[in-house]
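Naming follows writing order (A, B and C), and every chain is counted from residue 1.
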Amino acid sequence: MTDTTAPLTTADGRPLKAALAAAQSRARRKAFFLVAPLLLFVVVTFIIPIGQMLQRSVYHDGFSKEALNLAAWFDANPEGTAPDEAAFAALAADLRQMKDNKSAGEAGTRINYTVPGTRSLFTSSARGADKLEPPFKEALLAQDKKWGDPLIWSAMRAASSPWTSDFYLIATDRARTADGGIEQVPEKERIYIWLFAKTFVLSALITGICLLLAFPIAHLLATLPMARANLLMILVLLPFWTSLLVRTTSWIVLLQGQGVVNNILVSLGLVSDDGRITMIYNQTGTIIVMTHILLPFMVLPLYSVMRTIKPSYARAARSLGATSWTTFRRIYLPQTLPGIGAGALLVFILAVGYYITPALVGGADGQLISNLIQFHMSKSNWSLAAALSGMLLLGVLLLYWLYDRLVGIDKLKLG
Amino acid sequence: MALPVYADPLERAWYYAYHVICTAIFIFLIAPILIVMPLSFNAEPYFTFTQKMLTFDPEGYSMRWYDLLLTFGMVAPDAARDGSWWADVWQNATWVKAAKNSIIIGFWSTIVATVLGTLAALGLSRSEMPFRRIIMAVLISPMIVPIIIIATGLFFFYSNPCSIIGTECGRLTSTYTGVVLAHATLGIPFVIITVTATLIGFDQSLSRAAASLGASPSRTFFKVVLPLILPGVISGALFAFVTSFDEVVAVLFIAGPEQQTIPRQMWNGIREAISPAILSVATILVIISIALLATVELLRRRSERIRGVTPQ
Amino acid sequence: MKKLLAVSTALTAIAAPALADVTVMSWGGSYATSQVEAYIKPYTAETGVKVNMVDADNPATPVKAMVEANNVTVDIADVEYADAIRLCDEGMLEEIDPAMLPPAPDGTPATEDFLPGALTDCAVSTIVFSTVFAYDTSKFPEGPKSIADFFDLEKFPGKRAMRKGAKANLEMALMADGVPAADVYATLETPEGVDRAFATLDKIKKDTIWWEAGAQPPQLLADGEVAMTTAYNGRIFAAAVTEGKPFAVVWDGQVYEYDLFVIPKGAPNLEEAKKFLAFATDTQRLADQAKWISYGPARKSSGALVGLFMDGKTEMGPHMPTSAENLTNALPSSYEFWVDRDSELNERFNAWLAAN
C-alpha cells in the first residue's frame, strides 16, 4: 500500500498490526456473542440443576439441624469417646426439640440410612422426651436399650455435620463401624458396585452385538450404488425416527409369552404350548430391545467411514495374491477402525445411562443403574440417588472425554 | 457390491450367505416397527394375529381401538356423534388431551432450541470462536448425560428455580414452561449438530461479499446465510421436535397431571395393561415418523444441491 | 410462522385445565373406579364441587416428594398404614381432628364407630384391603389351597407374579414356610428370619414376574403370562365378577391392612379437602364402596349396610378380607415393623432381585 520502510498502516493511518488485532478481537467477540445466549441457557437449565443435585450427595441436614446439642458434644469430645451423662443430656434436649418441631421422623430417617431399624427409636423416644428426668443416661436406656449401641453414636457423630460422605459409602457398599472405621457391608446386602459392573458389562455386550449387526449392513450400504443405498438406508433411519416407546411396545408384542414369536414357534411345533420361551421381562429382553434401539447409532458412523474407503486398495491386495480373508483383515478392517471407535463409544455411552427400556422390559434381572437411581428418587432417598448419579455421571463424562479425544465431538452426525 | 469374476466357490457361498445375513438384520430392524400396524386393527383384544386376521376375514379387523382413542376419558362417549360429541372429544378425551400437550410442548421447545441453537452454531462455525472445543462439548452434553440424571436435577431445581440467585419465586414443576425448557435443553444438541454440519459446506466469502456490497449483518443473515442453511435448520428443528415428542422421563419427573403427553400416556399403558389401543397410537406415531423422515431426507438432498455438494 | 403461533396460542388456551376444586390421588384401576362411584360422584352431585382423580403406583411416594419439594398438587391421597404413620411423623400431613368426621347414623361418635386403629393423628381409614394370591382356574382345576402351594412349583407348575417390593412378600414367604401368622413379625426381626423368607422366595425367583401397579396382576393372569399371582383382593374380584375371568382367590396366608385418606401439608384446597374427606368417610359412603370392589369398610356401622355387588346378585360378604372364614390363617400387616424396616428390607430385596 505505502512504501516498505515505514510500518504498514491502514487507509486511516492506524498501524496495520493494531488494526488487524482489533478486527480479530472484534470477530472473536462477535462469534462469542452469538454463542452466549445458548451457553447461558444451557448453564441455567442444565449445568446448575445437575450441580445442585450433586450437592445433595454430600449434604444432608436432616439430622444436623435438629441435633445442635449433640453436635456441640461431638465437637468437644473426640472420636471414640464413650457417651457420658453430658452426651445423653444433649440427646434428651435434642429429642425434646425434635418433638416440638415434629422432626424426629426426619432426623431418624437420616440415621436410619446408615443404621437400619433406628428410625422408630427416634420417633418413640421423642414422643416421651418431655417426661425424661436426669440422670438422662439411665432414663434413655430404660426407654430403649438401643441407645447404648456404639454404632448409633458413631452414626449420629457422622450425621451431626450436614456435610457427609455417608452416601458415597452406601453407594460403594460400605458402612461405618462402631469405632469410626469403614468396612464392606455383608455380602447379601452388596448391590451398587455389582450393579455398576453389571451395567457396564451389559452395555459392552450390547455394544458388541450392535457392532456385529451393524458391520455387515454398513458395508453393504457403503458398497451399493448411491440410489439403492439411500433406499435401504431408510430401513436404518426409520427406527431411528420412531418413538422409543413405540419400539418398546412392539417388542413386548413380539416377545411376550402369548406374543407373536412364541405363537409362531408353537404353531410350527418348535416349542410346546407350556414351554413358551421367556424372552421379555428379563435380561434377555433388555439386551434385545436396547440392541434394536441403539443399532442405528452404530450403523451411521460406520457407514460414513466405509463410504470413503476406496475399493482400489482391496483390489490391489487381491492382485498381489492376498486371499479375500487376508484382504479384509489387513486392508479393509484397519480402515474402518475410526468408524468402529466412533460408533462403539457412542452406543456404549448411551447404553450405560439407559432407563426407559430396562424399566419397561427388564423385569427383575434386566435393570440397570439408572433404574436404581429412579428407585431411590421415588423413595425420597435423594442423597443416595444423587451419590449414585454422581458416580454414573463421572463414568459417562470420562467416556465422553475419550470420545472427544479419539473421534471429536464435531464429527457427530445424525442421519 | 457385485461378485467379482475371479471369486472361488467358497467366496461365492460367502457372498450369498452375506446377503442372507444382511437381509435378516434389516428384518430385525424394521419388522418390529411394522408389526404393530396390522395388529392395531385387530377386532379382538389380543396382541397376536387371530385366525380371522390370517385369512383376511374382514370380521377379524376393526377400527375399535382407534375409536377408543377418541372415546377414552370422555364424559359421554355413548352420546350421538354430533357437534357436542366432538366437543366432548376435544375437551376431555385422554389421548386427545395428551396429543394437544405433546404438540404445544413440542412446538415451543423446538422454537427455543432452534433459535438459540442456530445462533450458537453460527458462532461455533467461525474460526475466530474462542474455546470452541470446550463450549461445543458443553452444548452437546445434554445428549450424552443420562436422562435420569438430568430429570433428577431438574426436579430439584424446578421446585425453586430462583435458589440460584438466593430468593424464592414460585416453581416450574407442573408447568408447561418447565417442560418446554427441559425439552428445549434436550433438543439443542441436535440443532447444533445438524446446523454446524450444514455450515461446514457454507462458503464464508458469500457473506463477506454481501457485507462489502453494503448489506447490514442482519440483512446478510436473512437474505444470504439463512436461505442457504435453511435445510439444515429445519432438519435440526425436526430433530428437536421429535426429541420432545418422544420424551418421557423428564415428563415423569417434572410434569403435573395437566401436562401429560402422548409418551407419558403410553408409559402408563405399557406398564399397567397394554390394550391394543396402545398399538393404534403406535401406528399413528410410526406414520408421523415416516413423514418426518421423508421431509428430512428431501431437505438433505436439497441442501446438498443448493450448496453444490455432489452426493458421494 | 405467525399463523402457527396463533394456532399454538389457541391450543394453549383450550388446553388450560378447567380447575378442579379437589384433587384426589389414588391407586388407579378398579379401586379408583370404586372411589369415583362411591365418593366422588355423589359428592359432586350434592355440592357441585368437581373432584379430580389422579393415579399413582403408590400415592405415598409422590406425596412425600411433593411436600419435600414444596410442590403439592393434590389435596387428598390414599395411602397404606405404614406410610400414613411415617409421613405424619415427618410432619408432611395435615392433622385430622376426628370431631370433624360425621357420627354413625345411630349417633355413635366417629372415634368409636371406626374399627380399632383406623383413625390416626393424620389419617382416616376407608377400607380394609388384603394382599392375597390368586390363580387361573382354567390352569388348575384342582386349585391350590394354601399359601405354601404358591411357592410349590412341582405341585403347581407355571409362572408366578409378585409385587416388586419387600412388604407382604416376606410375610407370605414365611407363612408358606410354616411360620404361624402370630410369629411372622417376631421371626422377621431376626436376621435368620429374613434369610429364611428370602430362601423361600428363592424357590420361585426364576419363574416370577414382578409387578408394580395394582392393575397389573389381573392383566398378567388374563394374558396367560402367569398362572398365579399375588394381588390386592379387590382387583381380582373385579376382574372375576365384572369381566367373568376364571380367577380364584386363595385366602390362606393373606396379609390385610387399612387403606387411609390423608391430606398432604400444603394441599392447595385444604378446606374443600376436609369437607370431601368427611363426606367420603361417612357410614353410607363406605358401605357403598363395597358395591364396586370387595374391600371391607373401616366403620362398624357400615358393615350392616353392605349388600350386593353392583351386578345385583353377588353377595359381597364372602369376598371381604375380614369375613370370618377368610381369616383362619391371616396376618394383619404391622406398621410398626414396616415403618422401621422398610428401607433396609427393600435394599436387601433389591440386592436379591438384581443378583442372578
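The rule is simple: a residue touches a chain if its C-beta (ideal position, glycine included) is under 8 Å from a C-beta of that chain, and two chains touch if they have at least 3 such contacts.
Because the structure is predicted, anything quoted here is derived from the model rather than measured.
**Q** Going by the average position of its CA atoms, which chain sits the greatest distance from chain B?
**A** Between chain B and every other chain, the largest centroid distance is to C.
**Q** If you tally the C-beta contacts, which comes out ahead, A-B or B-C?
**A** Of A-B and B-C, more C-beta pairs in contact link A-B.
**Q** Between chain A and chain C, what distance separates the C-alpha centroids? Give it in angstrom.
**A** 33
**Q** Could you work out how far the Cα centre of chain A sits from that of chain B, in whole Å?
**A** 23
**Q** Centroid from C-alpha atoms only, then distance chain B to chain C, rounded to Å. What do you get?
**A** Their C-alpha centroids are separated by 38 Å.
**Q** Multi-chain contacts only, two chains or more: what residues does chain B have there?
**A** 155-156, 271
**Q** Which positions in chain C are in touch with at least two other chains?
**A** Residues 65 of chain C touch two or more partner chains.
**Q** Which chain A residues touch at least two other chains?
**A** 256, 258, 377, 382
**Q** List the residues on chain B that touch chain C in their complex, please.
**A** Chain B residues touching chain C: 90-91, 97, 100-101, 103-104, 107-108, 155-156, 159-160, 171, 173-174, 176, 256-258, 268, 271-273.
**Q** What residues of chain A sit close enough to touch chain C in their complex?
**A** On the chain A side, the touching residues are 101-106, 109, 112-113, 116-120, 123, 188-191, 194-195, 198, 256-258, 274, 281, 283, 363-365, 367, 372, 375, 377-382.
**Q** Where on chain B is chain A touching in the complex?
**A** So the residues of chain B touching chain A come out as 1, 6, 11, 14, 18-19, 21-22, 25-26, 28-33, 35-36, 39, 46-49, 112, 116-117, 119-120, 122-124, 126, 128-130, 133, 135-142, 144-150, 152-158, 163-164, 181-182, 184-185, 188, 190, 193-194, 196-197, 239, 242, 245-246, 248-249, 253, 263, 266-267, 270-271, 274, 278-279, 282, 285-286, 289-290, 292-293, 296-297, 300, 311-312.
**Q** Can you tell me which positions in chain C touch chain B when the two form their complex?
**A** 4, 8, 11-12, 14-15, 17, 23, 28-29, 52, 54-55, 65, 69-71, 73, 212-213, 215-216, 219
**Q** Which stretch or stretches of chain A touch chain B in the complex?
**A** Listed in rising order, the residues of chain A that touch chain B are 24, 27-28, 30-35, 37-39, 41-42, 44-53, 56, 213, 216-217, 219-220, 223-224, 226, 230, 232, 234-239, 241-254, 256, 258-260, 263, 292, 295-296, 307, 318, 324, 349-350, 352-356, 360, 370, 373-374, 377, 382, 385-386, 389, 392-393, 396-397, 400, 404, 409-410, 412-415.
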